[in-house]
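Have a look at the structure that comes next, please.
Chain lettering (A, B, C and D) follows the sequence in which the chains are written, and residue indices restart at 1 in each chain.
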C-alpha cells in the first residue's frame, strides 16, 4: 500500500545519488592523479629535466618498492588489520637474499628471488598465525614482530654488509634493466598491482576480504572463513614484502641489516593517502599504489625544486595531511549529498 | 633577569690531567676495555672493531664490543653508564653527538674509566684522548683535490653528506668550502649540500635529486661510506655514468665494482681497522699509566709504531689512502 | 576487566623475576643505587610520554607524533636559547608549543573525523620537519650547568633522578584523573563506545581534544628533560621513540581498541621494558637480543590473556 | 503432519560461564510449517537459534538434519545444510553494495570464475521485487534505515533457497505494511515445503502466521504444540508462568504547563517543519511508519544531530543547537532506540552504566564519589526490579529487557523533567513491557513530560494522551486520546491525511 504511495520521483532521485556515489568513488583515485599532476606540472615548468625519461623512470623506480608493500598492506588493511612488520620483513628478506647470492655465486636469478619471497612468506605466515589463531589485535602483534624480525636480521647479519661486488650481475642488471624503456622493477610492480586489483574486485574470496573488514561478526555469520582469509592476507603481505626485499637488493646493490627500517610508516601513509579506509572495508590497491607514487614524487619534487633540505620533511608532512583532509572533505560532501538526495524516499 | 645564554659562561674546556705519565710503565695485562661504536651492525665500525680486537689479543686485554643499533645522538649514553657500572678500565668510543655523551663520559671518568674517542670526537673535556683518522684539513683538502682532478678543474659540484647533524661531516664541509675559495679551485662551484642520512635508499634518491636539480652538475663529493656507495650505484646504472664524476670516503670492498666499471676514478679512506687498533692501544696505554693524555707524550702502538699526543689531546692516525683502479685490489675491508 | 587485572599481576610478577634474576646474575650491581639511578634516567622520557598516551589510547585513539613533538621542543629550546631568550621564558613557551601541536592533532581528529593513526603519521613527519627548519643541523649545548645537572645528578641524599620525580608527580595526577574522576570515567566510556558516550551527554570531542593537547604538552616537557639530560638541543632528539612508548603502553595491558587498561599497568610495562633492557645491557647481551626480547614481550602481552582464556574455557569444558 | 522433521534439536544444553542459557531443549521443524519460538527476554530463543546456525556448539544434545545427527563447526556448515538465518541484530556489510550483501560468497560467476556483476544485480532485483521492495542493488548498505536493513536480511535468507528459514524477530523494526509483504513471502515458502522458525514478541503476528509453537522459559523447554486451541493469554501464561495483564493503560493526569516546545524544526532531507508541545504530566506519542523520521526528530531535539532550522524550548528557554550537554542541563533525558550502540557501554558494569549520565553530580571537584555511585545504581536496580547477580557485572551479560531497564535507570537517575523514549519496549517481553509502561505512567504522574516514539500501535493507543503522526518527515496529524483508533493512526501514518 505504501509502495504505491511513494512519489514517482523517488527512483530517479535514488539513481542520481547512486551515480554521484560511483562517480565520487572513482574520484578518490582520480583525486590522487590530479594531486600528482599538481605536483609534477609546476615542477616540470620550473625544471624541464624533471619529466625527461631518465627522471620519470627514477620516479617510478623509487615508488615501486613502497608501492609493492602498499599493495600487500592494502589487502591486510581492508580486513581491518594492519601489518607494521613489513619494513622488518623486507630487511630480513633483502639481507638473506643478498647473502644467499653472495654465498652461492651460481644461484639462478629466479631461484634467488624465490628464496627472498619464501623468507617473506614465512614471516607473513607467522604474523597470520598469531593474529588469526591467537585472535589478538594485529597492530600489537605486528609491532612485536617488527622488533623480532629486525632483531633476527641483526643477529644473522652480525654487522656485515653485502656489496654490489659480491652480487651476480644478472641480479644487479634486473635493478636497472628496461623493457621498452620501462624499468623491469616497475613492470613487476605493475603486474602485482593488476593481479591484486582483479582479485579484489572480481573474485569471491577478494570480496570476502571487504566483507570481513566491513563487519567482522557478520562475516563469520555469513559463513566466511574469517581466520583463513586473514591468515591469507598476512601471508600475501609477507610474500610481497619478501619480493620487495629481493628487488631491493637488485635495486640498491648494497645491503646491510638495516634495510627498510622505518618503512612501515611510509607504507601505511601511502595506503591512507591512497584512500584505503584504515578501519577496513573499503579502498583499492590501485589507490594505494598511486598513494605511494604521490608520496615519492613529492619527495623528489622538493629536491628538484631546490627546496632547502631542512624544509623538505615538514612540507611533505603537511602535504600528506592535506591529502587525507581533502579526501575526508570529499567523503563528507558525498554523505551529505546522499542524505539530501535520498532523504525520505523510502517506503 | 632569567637564565640567558650570556649569563651562562661557566664552560670549562680542555682535558685536565694533573698526574704525569710514566713512559716506561709496562702495559698491564687483563685490562677490561669497552668498545662502543656509533652503531653496531655498521660495516665501517665492524671493521674498526676487528682492529680493536686484534689489539686486544696483542696486549692480552679483554675487549668488549657493545652499542646501540641506531645512531641517535643519545642512545650511547646507556652503554657508557653501563661500562661505568661494570667497572671497566677504559672506554673506546666513537661519539654520535659530541655533547650528548659528554655528561655521561665525565661521570664515567670520575669513576676511574679512561676514555678514548675515535672517528668522531666528544667534547674535549669529556675524554682523555681523541684518535683522529686524519686531520679535517687533510681529509677535506684531499676530497676537493680528487674531485677537481676528476672533473678537470671546473664545473658545478655538490656534496652528499650523512645526517645534517654529523659533527665530523660538518667540520669537513666547512673546510671544503674554505678550500674551494682558494684560487686554484676558482673553476669549481659548490651548488648544493644534500643529506642522505647515512641511509642507503635516501642517499640513492638524493643523488637522483641532485642530478635533476642541477643539469650542469659535473661532480659529487660524498664524504661518507654509505653515501658514496649509494651514489656510485645510482650513477653506474644511469645515463650519467661517466658524465658526472664522484669521489668521497668509501670502503674498497663497497666501491671496487664502481672503480672497475669506471663510474668512480678515485676515492679515499683510512683503514678503519687501524683506527680501532690504535684507539685500543691508546686506551691500554692510558689505563696502564704510560700516558695521561697531555700534549707531547709519546707511546708505542704495537705494529703501527710510535705516536705522539698533539694539541687538545689529539692523535692523528695518518693521511688517508687514495684508492684507484690500480691499487684497489690490494685492500680487503 | 578481571582479565586485565590479571595481566597487571603478571607484569608485577615478571618485574620481580627480572629484579631477582638480575640481582643474582650481576652480583648485586643491578639493584645498586647507582644502576637504579641510570635506569631511572633511561626510562624518564618514556615514562612521561606514556602517561598521557595511556589516556589517549584508552579513549580509542593513538598519537604517533609524540616523539616528533619532543624533537620540536628540543629544537626550539636550542633555537630560542641561541636567540638570547632566558630559559625561564623558553620552557613555558615550548610547553605551549607542544600543546598547540597536540591541539592540531586533536582538531584534525575531532573536527574532521580523520583517523588518528593517519593524522599522527602525518604530523610525525611535519613536527620533525619543523624541528629541522627551526634548528637545522646545529646542536646547541651551552646550557648552564644549573639546568643540565638536573639530568645527571640524583635528588640529594637519594638515588632518584629528577625526571623520575617529575614523572611520579605527573603519574599521580594522571592516575587520579583516569581512575578516580568523572573525566576518567568519560574517557573509558568514549573508548568503549563512543556513540554511547555521546548519547550520555559526554562531550566526546572536547575530551578527545584535551587528551591530544595533554599528550603534546607532556611530550614537550619530555623534550625539555631530554635536552637537559644530554645537554644537547637537536632536531633529531628522540627520533623513533614513538614505537617504544606505544610498545610500553600496549605491554601495560591497554587495549589498542580503547576502553580498557590502567595507568598502573602502563607504569609496570615501562619499568619492565626499561629494567629488562638495562639488565641485558649490563650482562653484555647483544643489541639484537634486546630487540627480539622487546618484540617477544609485546607478543606475550597480547597472547597471554588470550591463551589463559582458552585454557580456562578448556578446563571448564572438561568435567 | 506425519512427515519427518527437516531439522530437529534434541535435548540441547548450552551455558555461558555460569549462565545456563539452554537446558535440555528439544524442537522439531516440519516441512511446510511456520513454527513460532516464544519466551520472555533471556529465555534462550536467540541462543537456540545460534545453536541451530552453528554459531554456538551445544554443550550437550544433538542437532539433526533429515533425521541424521550433524555437528556444525561454524555457520558455513549450517548454511550448507540448507538452514538460512535472519539474526536478531542486522549483519550487513556497510561498505559493500546491497547486492553483494545478499549474495556474499555465492555471487554468480562468469568468465574465469570472475564475478558477473550484471547477473548479480539482476538476481538481487528479482528477489527485491518478490518482497515488493524498491532498493537499488548497487547502492551501499551503509545508510539504510533499520527497516531496509531488515528487508535486505530477508532477501539474503530467501536467496539461499533454503529448506529451513529461521527469523529472529524479523518484524521488530518493520511496520504493518512490510510485515504483510513478509508474511506473503513466508506463505509462499511454506507452499514450497520450506520450514520457517519465527521469533516475535508480537503475539498477534504469531497467531496470524504460525501453525505450531514452542515456548521456552529460563532456558527450559515448557511446551510445544499446535496454536489452534491457544489464545494470547494462554501463551503468555506458558511463557511467564503466571497470569498477566498484557497492557498497562496510562492513568489520567491533569496536564500542566508546556515543558517541551519544538518549533519548525528542520533537518534537510530528513524532516521538515516539525512543531509540537509536550506538557507536564503528558505522554505524547510520536507515531508513523518506520523511516518516517521520528527518531531523527528525537535526536535533533536532544542535540545529537544539528538541525538546519527551527528551535527547541525547554521550560520556555531556547536550547543550544547540537549539544546534548545543553539539553541535559535543561532537563531532557533521552532513551535511544538502539541500546547496544547508543544506550549502553556493553563492557562496562551495571553500576558504571547507571552512573554514566550523572557523573557531574556524583563528583566533588571532579573526583568521583564511588560510594554515591554504587548507592545510585543499587537504588535504581531495586526500583526497576532489575534481575542481576552483581552490580559490577558488565551489562552485556544481562538479557535484553534488563539491559533496557539499565538504560531507563541511567536517565531516570537524573530526574529529568522531559523524558524522550524511543521504542522503549522494542524486543522486550510482555512482562517487562508492562513494567516499563507502569514506570512511564508513574513518571507522568509525577509531572514529567514524556515524548514516546513507538512503532507498536497498541502501545501507542494504550499509553498516549495525544498521538502525533509523522509521514515522510512531516507531522501530518494529531489525535487526542479519545480520537485515536488503530485505523485512523495507521491511515495517517500511511499518508492518507484527512481520513478522520
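Heads up, the rule we're going with is that contacts are C-beta pairs under 8 Å (C-beta built on N, C-alpha and C of every residue); 3 or more make two chains touch, one makes a residue touch a chain.
None of these values were measured; they are calculated from a predicted model.
Chemist: Quick one: how many steps at least from chain B to chain C, stepping chain to touching chain?
Modeler: 1
Chemist: What is the chain whose Cα centroid lies farthest from the Cα centroid of chain B?
Modeler: That would be chain D.
Chemist: Tell me which of C-D and A-C has more C-beta pairs in contact.
Modeler: A-C
Chemist: How big is the gap, in whole Å, between where the Cα atoms of chain C centre and where those of chain D centre?
Modeler: Distance between chain centres: 44 Å.
Chemist: Centre to centre, by mean C-alpha position, how many angstrom separate chain B and chain D?
Modeler: 73
Chemist: In whole angstrom, what separates the CA-based centres of chain A and chain C?
Modeler: 29
Chemist: Where the centres are mean C-alpha positions, what is the separation of chain A from chain B, in Å?
Modeler: Centre separation, chain A to chain B: 38 Å.
Chemist: Would you pick out the residues of chain C that each touch at least 2 other chains?
Modeler: Correct list: 132, 136-137, 240, 286-288, 290-291.
Chemist: Which positions in chain D touch two or more other chains at once?
Modeler: Chain D, residues with two or more chain partners: not present.
Chemist: If a residue has to touch 2 or more other chains to count, which residues of chain B qualify?
Modeler: 40-41, 69, 164, 195, in rising order.
Chemist: Following the definition at the start, I'd like every touching pair of chains, please.
Modeler: A-B, A-C, A-D, B-C, C-D
Chemist: Would you mind writing out the residues of chain B in touch with chain C in their complex?
Modeler: Listed in rising order, the residues of chain B that touch chain C are 1-8, 10-11, 40-41, 64, 66-70, 72-74, 77-79, 81-82, 84-86, 97-104, 107, 123, 163-165, 170, 195.
Chemist: Can you name the residues of chain C that touch chain B in the complex?
Modeler: 29, 32, 34-35, 38, 41-42, 81-82, 84-89, 132, 136-139, 141-148, 151-152, 226, 229-232, 234-240, 277-278, 281-282, 284, 286-288, 290-291
Chemist: Help me check something: in the complex, which residues belonging to chain B touch chain A?
Modeler: Those residues of chain B that touch chain A are 40-43, 45-46, 49, 69, 164, 192-195, 199-201, 204-206, 208-210, 212-213, 215, 229-230, 233, 237-240, 253-254, 256-258.
Chemist: Flag every residue of chain C that touches chain A in the complex, lowest number first.
Modeler: So the residues of chain C touching chain A come out as 64, 108, 112-115, 117-119, 121-130, 132-133, 136-137, 240, 243, 246-247, 250, 255-257, 286-299, 301-303, 306-307.
Chemist: Which chain D residues qualify as touching chain C in the complex?
Modeler: Touching chain C: residues 304, 324-325, 327-328, 334, 336, 341-349, 352, 355-357, 359-360, 362-363, 366-368, 394, 410 of chain D.
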